[in-house]
C-alpha cells in the first residue's frame, strides 16, 4: 500500500497547533503505518531545502498553521503550496489571522519603537533597530522583513481547506486527519471548513437561556457568573452566538466566555460585525442616552469582536 | 454571486415628458444600460405609465423572452405596483420587476445634467443587479377564522358586534362589568336631540343579548392573545357564575338580605348598592350580579345570606362555590372598543373637588339629571339636599393644559355642558347658571344651533375665561375667575359647581394594547395605522379600533367608527383566506443554532424557537418583512426574501463601482 | 573566510538560525545566533481589556501557554491589588505543576531525546520522537504519550482547555474542581511520579552509563560559566509558581535576591541589529558583549540554573536526585550545558511530586476560589518560573482597566546571550580545520537544544522554518563546498 | 472644478419615512448634490453594521443610514434597534480610525424633504473635505 505523504509546517504561530497535532498521541504512532510524514520541522530533522528539492505537488496533504507576518512566512507558504496537492490552513492564525493579527491595530513602526526603545527594561542608547540585512565584520547577516499587516494564509496563497480553532481541539484534529488519510469518504468541496460545526457555539452550549436582553455589560473580573445561565444574559460578552461550534464549549465549561477562536459562521460575512450587531440589537435601551451608556460599556470592540479574526475581517486593520 | 442561470433583463427608461428627459441624458442612460451584464436590451419611452408605454413593456417581454424587467422612471412609491402588474400580465412573476427612481431622486433634485445622468445610470445598475437576484415569489395565503372578538360592551362594542353579527358572522363580545351598556347607559339625555339615552340604547342591548350570532361574555377579561391577522387565539377569563343567569328572574330577594353595602359605581358613587345587585334597571343580561370583591360570603364561606334567600323565595340560582371560567376563543379579527374614563377631578385642587361636596363632575351631575338617578332627576346639592339657585359650569376643567393636566380637548364637553345648563334651567326655572368657557367647539350636525339655543335661554350666562379658584366662604362656594371679554375678574357665590373634566383612556386599554401588540398614542389611546387613510385600523394587522378608546368622541362619531371598524373586519372575513406580501424573513435551519437573539427583535412574534429542532422558525403570516431580525442574526441563517445581504451588496457595488 | 549557516535549528519550539564564520584555517571565527521574528505583543496588547491578558498572552507560546497564562493572571492580582483565596492559589499551582510535567516530558522525549536516545550521528529520518519510540519500545513510547496527555487532562480539568487554558481571573480562578475530579487528578499524579522516576532511570541507562555522552557532558565544548537566575521559596528551594527571584554568580554565591516587582532594577535588555530578539543582562554588572564569566552581565535561567541558584528541592525524591546530580558532577554550580537535561528530569520529578501533594490537599476542592476585586486597576507585575526560565509580565492600565503599557521578560529570552555563547563554544569544539559533518552540526544544535529554547516565547513571535544548509565559501564568496545532512 | 473630489456615498433609506422624505424633496424640486445614491430598505432596522463596513471596504467614502424618527417606526421600533447597532458600530469605527462624519444615522420623516436635502448637502461637504477613504488602497499601502 502506498503511504499518503503528509507535511506539517508553521508560519507565524505560537506552536500550539503543533502541540494540537501532537495531541493525536498514540493515534499519531498508528498513523505512521498509513502515512509518511515527510516534513515536520517542529518535531523532525527535516530541512527547508529537502522541501525545496521535492517535485511540485509531491505532498498529498500539507497542514500549515500560523499567520503571515513576515517575508519568510510568505515564502514558506508559497513553497509549501507548490509542493502540495492539498493545502490546509490549520488553526485560527492561518485561517483568520488569530491573536497575532491584533498587530493590525498598530503598525510596524509603532511595534519597533515600543519593543526596541520604549519598553522600560530596554537599554538602547544608539537607538539600534534590527536590520533585514546587516554587515557584520565577518560577513552579511540577514533576517526576514517584518510586515505591517498580518495576513491569513489564503491572503498569500490558494488554500484548499480550513481547520479553525486556537488550537483545534484533539477530536476534531483526529477527525480531519483520518478523513484525509483513510480516504474512505470523498473529500468535501474546496474551501470547506473542516473539524467544526456549521452552527454556532450556542447550539452545543449547555447553559440555560431565558430572555435575550442586555441591560449593562459586565466584565469577567467583576462577577462570578452563574455557571448554569447564558453568560450573555448575565451581561458578559460571549462570542458564542457568532462563532462556529465544534470545540465542545470548553471555555464555557470553565465558566469563562467564548472569545471566538473557531471563527465566523458559514454565512457570516464578518464575525466581529455580526457579533456587534447581535449584541447591540438586544441592548435593553430605548433612548439615545441609554443606548450610548451601554455602548460605551463595550470598552474594546475590536479586541473583543475580532480577537481571532482581524485578518479575515472586512476592515482587516486600523487606519494609520 | 449566485449560481442561478443569468436572467435576460430588459431595461425600460422613461422620459416622463421633460420631467426626466429635461435633466437626464436618456440616450446615455440607455446606452450604458445596454453594456450591463445580463441586459438584453434597453429602450426608452416618453411615458412608460401610459397605455402605449405599458404595451411596449408587455410586447418586449414576449418578443425578447425577458426574465426580468427594470423600469427607470418615477419613484417606486408612484408606479411600482403598476409595472409589477404589467410584468405579471405577461405570465412572468411580478417580483421580476425593479424600479429605478430617476425622477424624484434624480432629474428633479439635480441641475447638473452630467451628474444627474451619471446618478441615474447608477440607479439603473442597482436595479439591474437586484432584479437579477430576485426570486419568484407567490403571495402567502393564510386561512381566516371567520369570527370576530369585540372587547368592550359600550355603545361602540354593541354597534360593532351587531353589525358583524347581522352580516352573518359569529361574534364574541367581552365586557368587564356585569352588564353591557357602558357610559351611554349612565347618560340621561343626549345632545343635540335630547333623546333619552337609555331609551335608544336599551333596545340595542337587548338585541345583543338575544342575537344568535353573539356570545356575550360579561365579567370577563382578555388574558392572552396569540396568533395573527385572520388567526388569533384569545384566552378570556370570566368571573365565576355565582348567579345562574338563565335561572335568575331578578326577584331581588338576595339583595334584600345582603349585609354588604358599597358605593354604586353606576351612580358615580352618589348612591349605595349591595354586594349582590343589579347594575341598573335595563341591565343586560337581566340578572343579579355578585360582586366577589365585596361579598362577605366567599372564601371562606361565611355569610351566604343571599343563597339562603334565593333558595327559599327565589329560583335557587346562586352557587357560591362556582369556579372562574376560561374561554379559548379563535377569531380572525379583533375590535378594541375599550372606551373612556373621566380624568380624576381630585387632581384639580384649585376647584376643590373632593373637599367640597357641592363640587361635582359633569358625569355625577348627569346621574343627578337622570330619572333613574340618585335624586330621580331632581337637582339638589349633595351637601344638604337643597335645590341650587346659582350653578357654575366650568368647561375645559383640567383640559388643554399641557403643563398641569390634559393637553388635549375632549371634544364633547361644550355640547353636554350646554345641555346640562339647559336642563338646569328647565328644572330650576328661577335659577341662575354660569358657564366658564375658553371657546365653544360645536362642530357637528346641528351642534352649533343647539349651543346657540341653549345660550339664548334666559338665566344662563356664558363667561369667556378660566376659573382661577373655587373655595368655601361661610357655607357658600366662591368661584373666582376672569371674564376675558370684559377684562373683569368675576366672583360668583355658587351653590353647585360642575366640572367638565376630560376623557382619558379606560384603565384596561393599556393592558389590552400590550396583549394585542397594538400601539398606543402618547396619551394611551389606541393609535391608528394612518390618521387620515386608515383611521379604523391599528398598525397591527387584524386589530380594529372603535369609540372613545381611540380618541375622545361623541356618540354619533363612536357609532360611525364602530360600524366602520365592523365593516373593516367583515371585509377581512369576506374571504376564507387572505394574502400577504411574500417578501418576508426566512430561516435556513441547517445554519441556525437557536441562539435566540432574533426572538425578542421581532415586534410581531413572528419568530419562535422550535421545540423539536431547537432552531428559529418564521411565521410567514406574522412577518411584516422589516428585516430587523436578519440584521441581528449572528450566523446569517436569517435572510429577507428579495432583499438579501447579497442583493444589498450587489447594489452597493453598483454604486461604488461606477 | 567560510560561512556555515545552520538554518534553522530544528526541534526547538520556535525559530532560530545559526551562522558560523570560519577563518582561513577553517576554525570558527565567530558564530551568530539569530532570531528572525517579532510579533509585537507588548504593543498590540495596548488598548485591550486588562482582564483579557491571560487569554491573549497565552498565545505568545502554545508550548508553554500555561506559563504565560499564570504569570499574566498573577500580574492581574497585582494590577487589581487582590489576593486570591488559598484554594485558588493551590489550583493554579496544581495546574502549573501538571504543565511542568507535560512540558518536560515533551522536551526530553520529543525534542532533546533523539540526541541522546537515538544518537546525534544516526540518520535524520530516525532522529525524532518516532525514532525515540522505536528505540525505547512502543509500550514506553505509548506511556510517554499517555503521561503527557494525562498531565494535559489535568490542565483541562482546571483550566478548561488542554492547550491555552482560560481559567485565569484576577483574584482567583474561574472554576473549582469536584471531589470526583480531584480523585482522577490524584491517580494521574501518582502515575506521573512513577513515570518521572522511570524517566530518570532511562536517563541513567542511556546517558549516564554511556561513556561518550558523559564525556560530552563534561567536555569543554559544553561548558558555559555565567550567572544563574531562578525562583526560590523562603527556604531557597526551587519553586515554579511563586517566591523570590535569586541570582548566583559563576561561583554559586548569591548575587541578588529580589521580588518580581523590582525586576526593573536588576534586569536590562540590549539590542543588536542582526536579530529581532533582545539580550537581557544583569543591570548592576552591565552589558559587556557576548562573553561569559563574572565580569559579564549575562545570565542563564534554565532548569540547571534553577538548581544552581537553589539550595534544594521541596519534595523528598527530587531532593535526593538533586543531591545525586551535584555529587556526580562535582558540586555546585554545574556549568555544563548538557547537564540541563538531567536538571530538567529532576524538575520533572519535583513537579509530579508537587502535583501529588496538591491533589491530596483537603483544601483543593474548596469552592471559594475567587475574590472579586474592589480596587481600581493600575499597575502590576507577575512572575513565574517557566520551564525555560524566569518569566515576567508587567502591565500598566488606566482607571477603566484598559492596558496602557506592557513589558515582558520572557523565559527563553533570558538565555539568548548564553545560547549564542554556547553555540559558539560548541562550534569551536566540534568544527576543526573546516571539517563539517552532519553529526557535527547536530552537536552544535545540541548545545542549543539543551536550553529547550522556545522562540515562540522569546520573540513573542511565531515559529518559522528554514532548512539546514551549510555553505562553505571562499574569501571571494564562491561556494567551494555545499554540504547537507546525509 | 475637475480636481474637486466627488465622494461616493451609499444611502440606506427606510421605505416609509426617509425614502418618502427623499421623494418629497424631489416633488418639491429641492436641489442637492448627487453624491448620495440611495438603497431602499423596508426598515432601517434591516441595516446590519456588516453591510456598512462592507460598503466602506468596497470603496464607499461614506454611508448614510436614515430611518423614521423614534416612535414613528412603521415596524414599531426597528429604528431603535438601528440606533443601538449604530452607537456601538460608531465606537468601533473610531477604533478603526474612520472619521465619524463618514458614517451617519439620521431620522428623516416622510414630511422632511428639506431635511433630507440638508443632510445630503452637509454630509457631501464633510466627506469631501475629509477626502477619499480608499480603504482597499489603504490596505495595500500598509501591507
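For clarity, chains are labelled A, B, C and D in written order, and residue numbers in each chain start from 1.
The working rule: a contact is a pair of C-beta atoms (placed from the backbone, for glycine too) under 8 Å apart; a residue touches a chain by one contact, two chains touch by 3 or more.
It should be emphasised that the depicted structure is a prediction, and the values quoted were computed from it without experimental measurement.
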| item | value |
| --- | --- |
| Which of A-C and B-D has more C-beta pairs touching across its chains | A-C |
| Cα-centroid distance, chain A relative to chain C, in whole angstrom | 24 |
| Between chain B and chain C, centroid-to-centroid distance (C-alpha), Å | 75 |
| Separation of chain B from chain D, taking each centre as the mean of its C-alpha atoms, in whole Å | 35 |
| Computed distance of Cα centres, chain D from chain C, in Å | 54 |
| Chain A residues counted as touching two or more neighbouring chains | 105, 268-269, 274, 277, 281, 300 |
| Multi-chain contact residues (two or more partners), chain D | 48-50, 54, 77, 81, 85, 95 |
| Junction residues of chain C - those touching two or more other chains | 47 |
| Full enumeration of touching chain pairs | A-B, A-C, A-D, B-D |
| Residues of chain A that touch chain B when the two form their complex | 198-203, 209, 211-213, 240-242, 245, 265-269, 274-275, 277-278, 281-282 |
| Residue ranges of chain A in contact with chain C within the complex | 9-20, 22-23, 25-26, 28-29, 32, 41-52, 66-67, 69-70, 72-73, 76, 93, 98-100, 102-103, 105-106, 110-111, 114-116, 119-124, 128-131, 134, 136, 138-139, 141, 143-144, 146, 166-167, 169-170, 219-224, 227, 250-251, 253-256, 259, 299-300, 303-304, 307 |
| Complex interface listing, chain A residues touching chain D | 105, 107, 147-149, 151, 268-270, 272-274, 276-277, 279-281, 283, 285-288, 291-292, 294-296, 298, 300-302, 305, 314-320 |
| Chain B to chain A touching residues, read off their complex | 588, 590-597, 599-601, 614, 628, 631-637, 645 |
| Touching residues on chain D, where the partner in the complex is chain A | 48-50, 53-54, 56-57, 70, 77, 80-81, 83-85, 87-92, 95-98, 135, 138-139, 142-143 |
